[in-house]
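Below you'll find the structures, each written out as structure tokens.
Look for chain A in each of the two complexes below; its partner is chain B in the first and chain C in the second.
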Partner chain A sequence: MEAKVISKQDLATWIDALVKQYEVIAPVTEDGVVVFRQVSGLSEMTIEGMVGPAKSLREHFTPPTETLFDYKLEDLSAEVIPPENEERHRVIFGARACDAATLLYVGAVYSNVEPIDTAYFMRREKTYLVGLFCNKPAWSCFCTEVGDFLTNPVAMDVYLTDLGNRYYAEPLTPKGEELIGLGNFRPADENDKVANEEIRQKALERLPKRAEHETACLSYDWDHPVWTELAKKCLSCGACAFLCPTCHCFDIQEHPKLKKGSRYRCWDTCQFEKFTLMASGHNPRETRKERTRQRVFHKFKYSQERYCMLGCVGCGRCIAACPVNIDIRRVLEELEKTAVAK
Partner chain B sequence: MRQKAKELLESGEVKVVIGYGQGSAPFKSTPIFIEKPEDAHKLIWNPTCVNNLTVYLRDACRQGKAAIVVKPCDARSIIELIRENQIERDDVVILAMSCPGVLNLDALAEIDLADVKSVEWHQSGIAIKTNAGETIIPSEKAFASKCLSCELAESPIADKKFGEPIERHPIRSKYADIEELEKMLPKERRAYWARQFARCIRCYACRSVCPGCYCKECFTDKPCQLWVLRSTDVESNWFFHFSRAMHTAGRCIACGECERVCPMGIPLMRLNQKMRKEVREMFGEEAGTNPEAPPTLGTFDLKNDPDPCSE
Partner chain C sequence: MRIENPYIPKLATIEKIITETWDTKTFRAVFKDEELRESFTYEPGQFQEVSVFGVGEAPFCLTSSPTRKGFVEFSVKKIGSVTSALHEIDEGATIGIRAPLGNWFPYEEFKGKDLWFIGGGIGMAPLRSLLNFCLDNRKDYGKVNIIYGARSSGDLCFTYEFDEWQNSPNTELFLTIDKEEERWNKNVGFVPAYVMDLKPSPKNAIAITCGPPIMIKFTLQNLKELGFEDNQIWTTLEMKMKCGIGKCGRCNIGPKYVCVDGPVFSYAQLKELPPEY
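Moving on to the complex of A and B:
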């Protein structure tokens, strides 16, 4: 599909056209924190020079709290009221390549067993992604170590690159072409293509080189001393997992009142002590050692075994947010030293 | 400090030295646990040493005597832990550093973090070396908010002090952050907090990093309870944060860790400073000052109650 270009002056008009037809979700700065929120125009958005937003797209596909159903109790019968399908078709604007890549992985998880997760797939179906290339990846970014989706994006409809005074736009799906059709775009010329290539090269130079995680991580050492080391400093908070775009575990809870109530699911994480606590009182992952190991193994080993892909997109949010500077890149380096030796 | 740590481990006086080690980037340090004398050289001391390491003290002291590297502000947490019978004074060796202030990472917003080579103290703030050269960030911007109102020239409790006491000239009031909030109408204040708590993802990093949050089982983790729902609606988040503020009232030493680690930028210190102010006004006490004093909210002194209900 042919690449197009839109000037920054024309961007607002394009966004306005999108807003008319769709619910548009984009990064906005709220009290100094960049989060994805519904917007009504370009002026509300934070896209210029933006590094990855604090929160990923995850909350827009699997909300932190989601009602599964409400119920009413009458004498001996119960009425179950399914939730309303609230979302109309929507455009998520300014999605990062790493966050988009998440959709492949989480999609695999949620369709792996019957019944598939209909709420998740309904949202996927109704969402079009307008991605944004990362001109200046953050210090914590390592997407190139776990994939090549920064330059070969997946799960997006349009991929934008900021060329300074204009955006380079690649439509990746017919839907993407339709979205571009709503704005004042012109075909990209040779200059645009060269500028786009230069910006991509510059970004890639800032990022670590691709590592052989796929082969190495299958032989990660269960008894590696790194687990004991991590356990000493890890505080078992859930910041890493709750900011992670691929973490997808949830807990199911009830909010009962006298004659009615609701059942909801909410984010949960293997980093919490009670995550694996059983009714018997036994906890197979009682200490932080087991819990930190679980998180790394799940992303790099079990995901490979189950879905033939890594459960990490290298967005680096866990690294930037960890209160005690546990850096998953360093953990992998440690593990790989022994994995390769084996 | 390294020498002392080495001696303590060599003589077997302590089992572990808890301190700061080089983090995964030049502007980050990470907690380290030194058990062998030959590893003492891994300890570092610079403006990136932001963590309040006393959060590890209870666990460490259960394994034996522990030494810990602290800033004067963190040392107040030790006083609280002793005061609340969480550790014994004899189980800890306090290595107290003289501290000009620690780095506020937000101050580096205009600097390309991937380019940073070193972060050091400078007479007028913090010096950041990058490939492009050296940038001096002035004190009022470079240091964490708590450092700007710090009055502690030296550690209030110590076994060994390192560096000269630092003359302090606080450039803002301890309660500067809450002045604006106190002026708001209740309705406005409610709206302010509702917006903040709407962002909370309930990762509990604030709770996990807090040396004062040491309950064996947190009220939020109780299974099958409805005190606070696990759902992340504003009301549940609100209940969690306000309960935590109440639970830490009288023991919060304002280390600011909860606010530092919040990935959603919730200004939690505004809650805690308000509680500190209330405690000071009602009970005339400031947490983290006297290890001999009974816990503020754990005692009831009928004779000296400044606000007896009976009157």
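Moving on to the complex of A and C:
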């Protein structure tokens, strides 16, 4: 599919055209941080110079709390009322490559065994992604260590690169071409292609080189001293998991009223003690040592064994958010040192 | 287009409640949908998520045998919020059921073999499904031995089926309780120790065990000492299972989810997994 270019002057009218047809979700600055919210035009968006959104797209595919069904009670009987399907089609504008790559992983988790998670896939089917290349990766970014999706994007329909006074746009799907068709684009010329390549190279130079996490992880050491170290520092606050785009674990709870109520699911994390605590009092992952190990192993070992892919997209949000400076890159380095030594 | 929402339970009526012990009841439920009631089937070892509307949902093994059609049974020890709510409800009440979930005992592989059911306390519930399944297909299996223990005689469940079990051809029931009691003429002692006394022969035999973790641990050790191979020993695990369909992520042991890859595992399979259960 042919690459196109749109000048920054024309961006606003393209966004307006998208807003007319779709619900458009784009990065905005809210309380000083960049998050994805529904917008009605370019003026609300934070696109220029954005380093990285503080929050991922996760909440737009699996909301922090989501009703599974409502119910009504009458004496001895009960009635279950399923939720209404959302009919809206959405464009997520300015999605990062890491957050888009997450969709492949979470999609695998939610479809790996029947039945599939219908709520998630219904949202996904109705969502189109206009991605944005990261000209200036953040200090905590390490996507290049876990994949090559920054330059070979996945799960996107269009991939934009900011070339200064214009955006370079690669349509990646027929839907992407259709979206581009709504704006005042011209075909990309040789200059545009060279500029695009240069910007990509520059960004790649800022990022760490690809490591061998895939192979090293599988031999990770169950009794490695790093787990005790982590357990000493970790506060079990769960910030890493709640900001992680690939973390997908949830709890199912009830919100009862007198004669009606709803069953809902909400985000949960293996970093919390009660995550695995059973009614009998038995807890298979009782201490922080077991819980921090679970998080790293789940992303780098179990995910490969189960879904044949890493459960980390290198967005670095867990690193940036950790109040006690736990850096998953350092943890992996420690593990790999001993994996190599063995 | 409406695709099935996998979290929505099917409505069922509690048809019968059996008080097993001071803290355990067995519930017999029938689906309200007549078609489903007829077509519903499952395998011994599978489990279900039971909803008490207004309280929540919790996993219970199907303790009934699929050979006995038209209803499902599950045994509940009063211990948490959903189990306590279940203990409060009456016959005729409506509950929700998502079932069948998980894997099952490979009963085809057990054919022609002597079976040793080794249960402790409420751990007898999942074994009962397979046990009654085997007794209903009696000719397919060799000698059936049942070792069943509890803290006291008052903690034994399914006592009303003891006669049926004992009187089945080529079947023997060995009961044990932890401490001496007046008028108790069966064995006294912990289940693993009783296993050592009875010395089951591993020859052409399968052991299926379930009970408190400590009982399973020592039973496994003893079975190994008696010469049972890892793939001759089967168990069914308990875990905090919320979704029951491999999505919510909390019942993993390494790369396996107990709710979809289990709850039934052989000891050989368990040895491949990290010790987090």
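The rule is short, and it goes like this: the second predicted complex is superposed on the first by the 341 of 342 C-alpha atoms of A that agree within 3 Å, B and C clash if a C-alpha of one lies under 4 Å from a C-alpha of the other, contacts with A are read in each partner's own complex, and residues count from 1 in each chain.
Here is the rule we go by: a residue touches a chain if its C-beta (ideal position, glycine included) is under 8 Å from a C-beta of that chain, and two chains touch if they have at least 3 such contacts.
Because the structure is a prediction, the values reported are computed rather than measured.
With chain A as the common reference, chain B sits beside chain C without any clash.
By the touch criterion stated above, A:V35 is placed in contact with chain B alone, chain C being left untouched.
Shared-chain residue A:C237: touches chain B; no touch with chain C. Of the two partner chains placed by superposition, only chain B is touched by A:W139; chain C is not. Rounded to the nearest 10, the angle at the Cα centre of chain A between chain B and chain C in the chain-A superposition is 90°. Of the two partner chains placed by the overlay, neither chain B nor chain C lies in contact with A:F61.
When both complexes are overlaid on chain A, the residue A:R330 reaches chain B alone and has no touch with chain C. In the overlay built on the shared chain, the residue A:Y110 is in contact with chain C alone; chain B does not reach it. Looking at the shared chain after the overlay, A:A78 reaches chain C, while chain B stays out of its contact range.
Touch criterion met: A:D251 reaches chain B and chain C at once. The gap separating chain B from chain C in the superposed three-chain model is 6 Å, by closest C-alpha atoms. On chain A, the surface touched by chain B in one complex and the surface touched by chain C in the other have residues 251, 253, 277 in common.
Of all residues in chain C, those touching chain A in their complex are 2-9, 11, 13, 51, 53-58, 79-80, 83, 90, 92-94, 96, 213, 238-240, 242-243, 245-255, 260, 274, 276-277.
Contact residues of chain A toward chain B in the complex are 30-33, 35, 54-55, 64-65, 136-139, 206, 232-233, 235-239, 241-243, 251, 253, 255, 264, 266-267, 269, 272-274, 277, 317, 319, 321, 323-327, 329-330. Residues of chain B that touch chain A in their complex: 23-25, 28-33, 51, 55-56, 106, 112-114, 116, 195-196, 199, 201-205, 207-209, 221, 223, 226, 229-233, 257, 260-261, 263-265, 267. The part of chain A that touches chain C in the complex is made up of residues 68-69, 71, 73, 76-78, 80, 82-83, 85, 109-110, 112-119, 122, 222, 248-254, 256, 261, 263, 265, 268, 270, 275-280, 282, 284-285, 290, 294, 297-298, 301-302, 305-306.
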